[in-house]
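One chain, chain A, links the two complexes that follow: it is found with chain B in the first and with chain C in the second.
For the complex of A and B:
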């Protein structure tokens, strides 16, 4: 058996290449190992700095939240500013009103507003996100142009948070400038938009309705779905026009907005649609708007070929405030098997809730 | 054959080239994963802030198939009911268990028969009864005849009320905010049809009230090897493919799907062993063939923890089953490979899986065997043999080290220096025996698949040591 000391690199070029591939792998592994150690050390250092910063600033920030007068503030080293803003954001997320203003005041005294403005323009992506959140809480009007530019960025996370910051700063102006864009951006999470516009519905409602009227038919269905999800009401004539649209997707989206008795006639007409999705939405709307005359219509739909239509029809019947339990039981007993099964299920669900 | 024989030289070069290509492919995936993790790290500031619900998040049905899970089912369901999400329901599907699974559920959650107008969208074994909990309005239990895991999931889909469903293994331990994280890809992209999260090894961790409270290391060396294996498989194996929309597998332990799409492609394939992968590959195939735009995304956050086998026999059985599942998934979806509209999934991911994941075990074992025999017989020099081992082991260590680096960049869950040192040791040690043993088991799986045979629920004796800690 040859010894390891007798190792000679073979003349074959492929074997030589393989040997050097192995050497490269070994070298890279060592580099990866060193990188892991460096990351671990850097993380520990950051954690220690974070702990020290929290120990020093948390009582002062709490005092600011409580509305106490703060005298001279300790110096905030430049390198700790980002860590400070993270701590400050945590507290901002949990407070409202005067407490939030107290936190804003302390941040401004420390010059964080200026620092965040710089980061918003020239920071890396993480710093820009941090700056967007901070400036939104500060309702910083000076940052408006930079934030407005950020709203148009392709990056969903950055742009939707920039929109939030603008709404925080000036809801009416944000509505006026951003409503058309809001209807076009299908990458902005609906749940996040719901949170952003929660306290700004009155400013956004008329502007969104107006922007909708200028939206192309192709862009209309998602825009209407957004408006419906945000529970924003449209003017009656506008909604009626959408309910009469020849486009199935527009009608489907408009039915989600049908919450006014003025459109009940159109809703009833859609119960006879050949498209089960339209029947489904019409049934759902009738659960909110229907009167006694709709009981017979809904009862017919309890035998619809589509399970979901039957299910929603049963739910709609249960939602009608004037139907007594005895009437519902009678309805169940006098219906066919499909309808009876569905009514039984929905009655059991109601009982369980 | 002689040392200078051209045949020996060609085979030697082919074996070396295969190992270099295989590991080179994984290295590329690593770089893609690093890019994705870097982007995710930039958004860390958003994750660290308290999350606010708007009630506009899509509601989710959690489907929990259970077969003879009497030891763990109550704790698992209890933890699922405590997940933090705006609107969800939990549906447990008792797949004809022969133990007390249904009785345990009935006792623990006060189940009563529920008169459901059960909707059959996907054919399944007969459903015997449906129950609802009188204590948790969002909990239902389907009791059905035994039909396998895929069949149970189909029954769950039939009963699901919500547009998204999440398949969860009954023994999974979920993070409290796991649904919230997994649903994110769906929130901003209407074309999203599925998302999967990272699964980690729970052995050695501390669990209280059904949730993981402390990350620890397993004592069993078998489980320890799997910790590194899972890091590699999830952090770059899946994340790398996800970046280019070529992910072919979402773990059955925890995956979120758009119900409408799954029903449209025919649901899970009953009697399938690798039902999770088969569904994802079929979704790629059918959606691409129909020209429907879609996305399947991987969420690298560690959202689900699972108990890994701690002895050789169970691990062997699991790996054989996985290889059979992989074989089934690929062989029943040949149509995706190099198909006209196949895209990344059909032109890159599928051939990669065929070459390196499916046939990999065969080539690897033959490679090791050939090189060893060739050296023994004097067909190749010992230098050539040494270079082969040096490259195979060196690249293997490098890949695992990258997995560890990705973990350190992103989540650094193993915080104690001792844990890091132990993992570093495992990164090296697993290349001397464990990986080769795995290849052998995969080869056995390949053989068993080729021979045919009926699929059964994967039986694993749960130690469920974490259950003792439930308060």
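For the complex of A and C:
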């Protein structure tokens, strides 16, 4: 009877190759299986550590949020620091004011500020991002130079978060140092910039206006569009100069910033522009600024050769708060067919919204 | 005097714990519902409403606006003050919450002292 010890490799070279390929595949499958088991075990260990850390620290962090004086704190092992900061950040994002300060105090007592500064400089990308968020919440002035360097990084996510951290730390200084860069970075998401500057508009407004005045003519239109999207107002004289610019792109961008009655004269003049894009933006602006005298102007534009201008004119008319339903009906009845159709369409869209 | 009870409806575990902690610290009795279904169950299963409902807008299964509607449809619950807690601080959401029947709103990230002041005010008005 043959035993497994009597097994011999086949003499045929192709069969030998197939045999060893099978053995290698089996070995690799086993290795992958072991790797999966190791990863699962590591994940379970991390989850258990996270649960234990949450059970231990959440009551203390909640007490800090509630403004309670905390006595001696338990020791925070080095390996648990990142997990702790993740929990701490989650809570930081839920509260503000004194509660946020309470969380900062506990993090500093545990030496997390120092640890985050080290991670900001020498951690991997995820650790640097975590450190940026943590140091921003802590408003850590010591990490200003490292954060300022991070703002200039090519990585959009890291750099925009570093900008957020600087604004949190010192909004005026961040505006002074970063305004020219902000006007050039077209990769930063507008919604995120809007959130970052939400509570720092007064610090950023004059600095951005100054930075705009030093911007090259090529960079001016996108920079103006950015300022308009962030809903930051410009000084009247500066805006008027842009509205009078000979460059179409500058005028188009400046019309997006026309939110003050002081520039209504210029906006009305642009209704007669030969460029339909300028007429379009002027109509949109007039929808926000216009008075009773503008009804006739907008009505004329309901018959504009360009469809989009007619559409915007109808939207602007319907947005005028003083126009009664009777006046609107009269406007529809007395207009030409295309204008009446446009008014009916925009009214239907408004009702459906 | 019966204890003042507050139904907290919040799907984020950590935020739910913060709210429970700061409310209990003020002596309020709290019940936490962690999603829309649990909240609806807590609302429809009893005719004895809490003194106040603290309600997150973004919830799994049934959102906060729908829960306000469910609360206001129930006779026993129609006068319970509802304070909405929401990360969505757009005017549209706030208007919608108030239109649906909420009494007040607090925007996340919130200040615990401001939240407690609003809770106290609504409980006082109800008393």
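We adopt the following convention: the second predicted complex is superposed on the first by the 308 of 353 C-alpha atoms of A that agree within 3 Å, B and C clash if a C-alpha of one lies under 4 Å from a C-alpha of the other, contacts with A are read in each partner's own complex, and residues count from 1 in each chain.
Just so it is clear, a contact is a pair of C-beta atoms (placed from the backbone, for glycine too) under 8 Å apart; a residue touches a chain by one contact, two chains touch by 3 or more.
It should be emphasised that the depicted structure is a prediction, and the values quoted were computed from it without experimental measurement.
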{"item": "Touched partner set for A:229, first chain B, second chain C, both or neither", "value": "first"}
{"item": "Contacts of A:307 with chain B and chain C, given as first, second, both or neither", "value": "first"}
{"item": "Contacts of A:345 with chain B and chain C, given as first, second, both or neither", "value": "first"}
{"item": "Which of chain B and chain C A:87 touches, first, second, both or neither", "value": "second"}
{"item": "Touching partner for A:35 - first (chain B), second (chain C), both, neither", "value": "first"}
{"item": "Touching partner for A:95 - first (chain B), second (chain C), both, neither", "value": "second"}
{"item": "Chain B versus chain C as contact partner of A:18, first or second or both or neither", "value": "first"}
{"item": "Touching partner for A:129 - first (chain B), second (chain C), both, neither", "value": "first"}
{"item": "Chain B versus chain C as contact partner of A:157, first or second or both or neither", "value": "first"}
{"item": "Larger contact residue set on chain A - chain B or chain C", "value": "B"}
{"item": "Residues of chain A that lie at the interface with chain B and also at the interface with chain C", "value": "90, 93-94"}
{"item": "Chain B-facing residues of chain A, complex", "value": "1-2, 4, 7-10, 12, 14-15, 18-19, 21-22, 25-26, 28-29, 32-33, 35-36, 39-40, 43, 86, 89-90, 93-94, 124-126, 129-130, 133, 156-157, 161, 186-195, 198, 222, 229-230, 307, 310-311, 338, 341-342, 344-345, 348, 352-353"}
{"item": "Contacting residues of chain B [partner chain A, same complex]", "value": "9, 12-13, 16-17, 20, 23, 39, 41-46, 48-50, 52-57, 114-117, 119, 132, 134, 137, 184, 187-190, 381-384, 386-388, 390-391, 394-395, 397-398, 401-402, 404-405, 408-409, 412, 417, 420, 424"}
{"item": "Footprint of chain C on chain A - complex, ascending", "value": "58-59, 62-63, 65-67, 87, 90-100"}
{"item": "Residues of chain C touching chain A in the complex", "value": "12, 14-15, 17-18, 21-22, 25, 108-114"}
